[in-house]
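Down below are the structures I want you to see.
Okay, so chain A shows up in both of these, paired with chain B first and chain C after.
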Partner chain A sequence: MVPLPSPCVNPYGLAIGFGLVTASILAIASVGLTLQFGVTNYVNFAYGDFMTLGAYLAFEINAGGHLSIWLAMVLSALCMGVVGVAADRFLLSPFTRRFPNLFYVLIVTFGLSLILLNLIGAIWTPNFQQLPVATENPLHLGPFLLTPSQVAIFGTGVALMFGAHLLLTRTKLGKAMRAMSDNTSLATVCGIDTRLVTSVTWFITGALSGIAGSVLAIDLGTITPAVGETFLFVIFASVILGGIGKPYGAMLGALVIGLTTELSAVVINPAYKLDVAFGLLVVVLLLRPQGIVASAGKA
Partner chain B sequence: MLALHADRLVARYGPVTVVRDATVRLEDRSLAAIVGPNGAGKSTFVKVIAGVLKPAGGRVYLGDEELTGLPAHRIARRGLAYVPQNANVFPSLTVVENLEMGGFTRKEGLRPRISEVLDIFPDLARATKKRAGTLSGGQQNMLAMARALMLDPRVVLLDEPTAGLSPAYTQVVWDQVQRVTKTGTAVLVVEQNVDLALANASYVYVFVAGTNHAEGPSADVAALDLAAIFLGRAGAREH
Partner chain C sequence: MQVVYYAFTLVFFFFAYSVLNWGLNIQFGGAGILNFAYIAFVAVGAYVAGALTAGPPAPGSGQSYVLGAHLPFMIALLCGGLASCGLGLFAGFIAFRRLRSDYLAIVLISLSLVAYDFVTNYVPLFDGPDGLSGIPEPFSGAFNLNANSFIFVFDAFSAVVMVAMWAAMSRLTRSPLGRALRAVREDQDVAKALGKNVFRLQMTAMLVGSFYAGIGGGLIVFFSGAFNTSSWTTPETFVVFAAVIIGGLGNNAGAVLGSLLVPVIFVELPKFLPQLASQPALVPEIDNMLIGALLIAVLWFRPQGALPERKATFDDLMAGQARW
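Entry: the complex of A and B
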C-alpha cells in the first residue's frame, strides 16, 4: 500500500523511505537464502514459494484464529521452519547423498517450487486476494512518509539483521554455520555434527522465508501464489550483488537494490524498477564478479 | 600403552583399492611417521582412521575403544584429531574462532584451553584476531595443529604438515610437532619428505602400493635402501 505523498514531501526522501522498507523485506529473504547456500552449497529455487506459503499461512492464521497479523506472522514463521527442516531431511539431504551433483539438486528445488506453487493455487485459488489489512494513515517521519505497517516492517528487518549478526558472531551455532560455509568436511573432523547444524539452518532460514513472505504481503496488501516467485529474482540480485553465501553481503546487496529501485522510480517509469535492479547487478558483476563483499570463505 | 591401532585397513575409491591390509600401531606420547612414494595410500589411510572415508575392511581402535565405521565427528569427540593436508583452516573465521571450532564440543574450559594451546604456538598468539585466510601457509598449518589440540586428543593425525612450505619453515613445523608430543598427545604424521620424517619421528612406517612395506625405529628404517623401495626396485618386504 503506497500512501499518497502530500505536495510538500520531497520525492527523493519519500523514495528512500520506501527503499528502506523494500530493503528490509529483501534483507530478511536474502539472508535466509544465502545462509542456506552457505551451509548446504546449493541454491534453493523453491525459496520464493516458501515465502508465498509463509504469507498465506500468516493470513490464514490471522483470519481463522482472529490473531494480530504480526503474531500470525510469528506462528507462520515457526511453521515454515518446520517445513524447511522437512524439505531438507526428507527430500534434499537424501537426494544429495545419493546424487552429489549439485545440478541435480538444483532441478529438484525447481521441481519443489512448481509443486508448492500449484499446491498453493489449489488450496487458496490462483487469483489475487485482497488482504484484510486496515487502512492506515501515513506518518511523517523526518523526510519519510510511511504507514505504521511499513515502519513495523522496517523495524522487523533491522531487528532480524541484528539478530543474524549476533547469531553469526556470538553463538557457537552461528560460528559453526560459518565454519560449515567455509569447509563442511573440516567442520566434521572438528567434532561438529554437521547434519544437526544443517537442520537448524533450515529451520532458521525457513522461518526467515515465512517472515519475508508475510511482510512482503503486508506491504503489497495483496497476495497471489506467484508473489514469492516473482520476488525471488530480486532476492537473487541482492544475494549475488553482495557475494553469494555471505550474509553481510546479502544485507548490503538488499540495501543497495532496495534504495536503487525506489529512487529510480522518481526519475523513470516505476514499471522499470526491476530492470534497474538487474542493470545494477550486471554492472557490479562486470566490475566486481565476486560481489561487493569480498573475503575468504562464503560466510 | 597402545594409543592407536589401525589393523589391516582396506580402503577403496569406487572399484580401485587404494589401501590394502595396512596396519599401524602408535604408543601413547609417541611420534611416528608414515612415508612412501606418491600414490602409496598414506593420506587415504589416515582419512579412513579419522572417519572421513569409510573403511572397506579392517578395524580401528583408540586405546581399547573401537572406532571402526563411526562418523568423523564422533571419532573426533572420542579423542582422535585429524589435520588434513589442504584446506585445514576455516579461512573466513579468525584464529580464535578457528580454535573455538576445534573445541566445539567442549562442555567447559574453552577459554583456558585456548590460552594453553596458544602457549604452545606463540606465533598464533600474536594474530588471534586475524582471519585465518590471511595467514601464511606455515601459520595456517600451525593453526590447524593448534585447532586439533583443542579437545585434548589422545592421538593427532597430521597429513603432510610441511607440504608446500619453504625448507626453512619445515623444521619449525616439526619442532612444533615435537612440542605437541611433549604435551602427552601421540602424533602420527604422513610425511613426503623422508629425511625430515627419519630425523624427527621415533618410529617410521614405509607404505608402498597401499600397504606396509617396512617399519621400525627411525635409525633402522634409515639403514634401508629407501630409494630402491620408492622406485619399486625392492624385492621382499622388510619388517
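Entry: the complex of A and C
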C-alpha cells in the first residue's frame, strides 16, 4: 500500500523510506536463505513458496483466530520453522546423504516448490486474498511518509538482524553454524553435532521465511500463491550481491537492492523496479561473482 | 471424430515434447547445465516463429508487438530456433563464467522470472499478457485444409521434424563432442586438465539445447495458433525436467519415453478431464503436485530413470561402437 505523496514531499526522500521498508523485508528473507545455504551448501529453490505459505498461515491465524496480524506472524513463523525441519529431515537430508552430487537435492527443492505452489493454490484458490489491514494514515517521519505497519516492518527487520548478529557471534550454536559454513568436515571432527545444527538451521530459515512472507503480505495488503516466487529473484539478487552464504553480506545486499529498486521507481515506471534488481545481479555476477564482501572460494 | 481429434492432439504433444526433451537432455544430461529457465527458451522460439508468420499487428486491433511479418512458416520456425540460441548466448555469457552449478541455476531461474515479468508488463514489445493470436495454420493454404484435417497434416510434419532432430541428436551424442560434454558433466576440473575448453563445451550444449527448445516452441505455437505468456512459466520447465529424468537422463530414447510418460499422460491427457465448476484450477494443481511427487520418488528409487544412460565400456570404445 503506497500512500499518495503530498506535493510538498521530496520524492527521493519518500523513495528512501520505502526502500528501507523493502530492504527490511529483503534482509529477513535473505538472511534466512543464506544461513541455510551456508550450513547445508545448497540453494533452496522452494524458499519463495515457504514465504508464501508463511503469509497464508498468518492470514489464516489472523482471520480464523481473531488474533492481531503481528501475533499471527509469530505463530506462523513457528509453524514454518517446523515445516523447515520436516522438509530437511524427511526429504532433503536423506537426498544429500545418499547422493553427493548437488544436482539431486537442487531438483528436489525445485520439485518441492512446485508442490507447495500448487498446494497453496488448491487450498486457498489462485485468487487474491485481502489481508484485513485497516487503512492507515501515513505518518510524517522526517523526509519519510510511512504507515504505522511499515514502521513496524522496519522495526522487525532491524530487531531480527540484531538478533541474527547476536546469534552468530555470541552463542555456541551460531559459532557452530559459522564453522559448518566454512568447512563441514572440519566442524564434524571438532565434535560439532552437525545433524543437530542442520536441523536448528532449518528451523531458523523456516521461521525467517514465515516472518518475511508475512511482512511482505502486510506491506502489499494482499496475497496470491505466486507472491513468494516472484519475490525470489530479488532475494537471490541481494544474497549474491553480498556473497552467498554470508549473513552480513546478505544484510548489506538487501539494503543496496531495497534502496536501488525503490529509488529507481522515481525515475522509471514502478512496474519494472524489480527488474532493476536483476540488472544489478547480472552486473555483480559479471564483475565480482564472489559477492561484494565475501572472499573468493565459494563461487 | 472427437476421440480421433483428441488422440492426434496427444500424438502431436508427444512429438513436440520429444524435441523439447532432447534439448534439455543435452544441456542437463549432456553437459550438466541446470537450466531452470528452459521454458523461457521455448517461449522465445514460439514467439518469434508465431510473430514472423502472423504478420504485423492489424491497425485498430489494439495489439502491439514487434517482429510481425508474413514469412513462410519453415523459415519462421528456423528463426525461432536461432532466436532461442541468441538468448542462450546471452545467458551463457553471464552464467558460465567461473560459476558453480547452483549459481548458474539461480541466474537462469531469475532470468526466466524477470523475462516473464518484463514481457507481461511491457506491452509494446510482445503485446503483454494478451500475446499473439490468429497465427496462420501451416499448409492450410497449400492443401486447402480445414480445422479438422489440419491436425493430421501437421502431425505428419511434426513427425518428420522429430525424426530429423532425433537423428541429429543421436549423431551428436555419439560424436567426440558428445563424449567431451559428458566429461564436463562428470568433472569440470578433470575435463579442464585434459585440455578441454569447458566454457566452449558448455556454451555449445547450451546453444544446441536452445535451438531444440526454440524449434519445439515453434511447433507448439503453430499447432495452437496463439501465444500467451501465462503458458510459459516455471512449472512448465519442471514438466520437461521430470520427463527427461523419469525417461532416463542422458539417454535420447529415454527422452522420447519421458515425453510419453510425463507431458502426454500427466499434462495433456488431464486437460480432457471435466473441470470442477467451483474451482477450475484444481485439476491442474493436483496434476502438478503429482508430477512433483513422482519426480522426487523416481529420483529416490530409480535415479537413472526408466531407460538408463548406457555407460561406454573400454571394449566398446576400442571397437568404435560406443553407443548411448
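Just so we're on the same page, the second predicted complex is superposed on the first by the 294 of 299 C-alpha atoms of A that agree within 3 Å, B and C clash if a C-alpha of one lies under 4 Å from a C-alpha of the other, contacts with A are read in each partner's own complex, and residues count from 1 in each chain.
Basically, a residue touches a chain if its C-beta (ideal position, glycine included) is under 8 Å from a C-beta of that chain, and two chains touch if they have at least 3 such contacts.
Owing to the predicted nature of the structure, the values given are computational and were not obtained by experimental measurement.
J.: With both structures placed on chain A, which of the two partners, chain B or chain C, ends up touching more residues of chain A?
T.: C
J.: If you stack the two complexes on chain A, which partner ends up touching A:Pro148: first (chain B), second (chain C), both, or neither?
T.: neither
J.: Looking at the overlay, does A:Ala271 come into contact with chain B only (first), chain C only (second), both, or neither?
T.: It touches chain C, and chain B stays clear.
J.: After the superposition on A, what does A:Pro132 contact: first (chain B), second (chain C), both or neither?
T.: After superposition on chain A, A:Pro132 lies in contact with neither partner.
J.: Return first, second, both or neither, reflecting whether A:Glu229 touches chain B, chain C, both chains, or no partner chain.
T.: After superposition on chain A, A:Glu229 lies in contact with chain C alone.
J.: Once the shared chain is lined up, is A:Gly65 touching chain B (first), chain C (second), both, or neither of them?
T.: Touch status of A:Gly65: no partner.
J.: Output check: A:Phe95 vs chain B and chain C. Expected answer is one of first, second, both, neither. What do you get?
T.: It touches chain C, and chain B stays clear.
J.: Using the superposition described at the top, list the residues of chain A that contact chain B and also contact chain C.
T.: In the superposed arrangement, which is not itself an observed complex, chain A uses residues 298-299 for both chain B and chain C.
J.: Provide the residue numbers of chain B that touch chain A in the complex, in ascending order.
T.: Result: residues 50-52, 71-73, 75-77, 81-82, 84, 87-93, 97, 100-102, 104-105, 131-134, 147, 151 of chain B touch chain A.
J.: Spell out the part of chain A that touches chain C in their complex, as residue ranges.
T.: Its residues touching chain C are 42-43, 45, 91, 94-95, 98-99, 102-104, 106-108, 110-115, 117-119, 121-122, 125-126, 229-230, 232-233, 236-237, 240, 244, 269, 271-272, 274-275, 278, 281-282, 285-286, 289, 298-299.
J.: Residues of chain C touching chain A in their complex?
T.: 32, 34, 36, 94-95, 97-103, 105-107, 109-111, 113-114, 117-118, 121-122, 234-235, 238, 241-242, 245, 279, 281-282, 284-286, 288-289, 291-293, 295-296, 299-300, 303
J.: Which residues of chain A touch chain B in their complex?
T.: These residues of chain A touch chain B: 172, 175-176, 178-179, 181-183, 185-194, 295-299.
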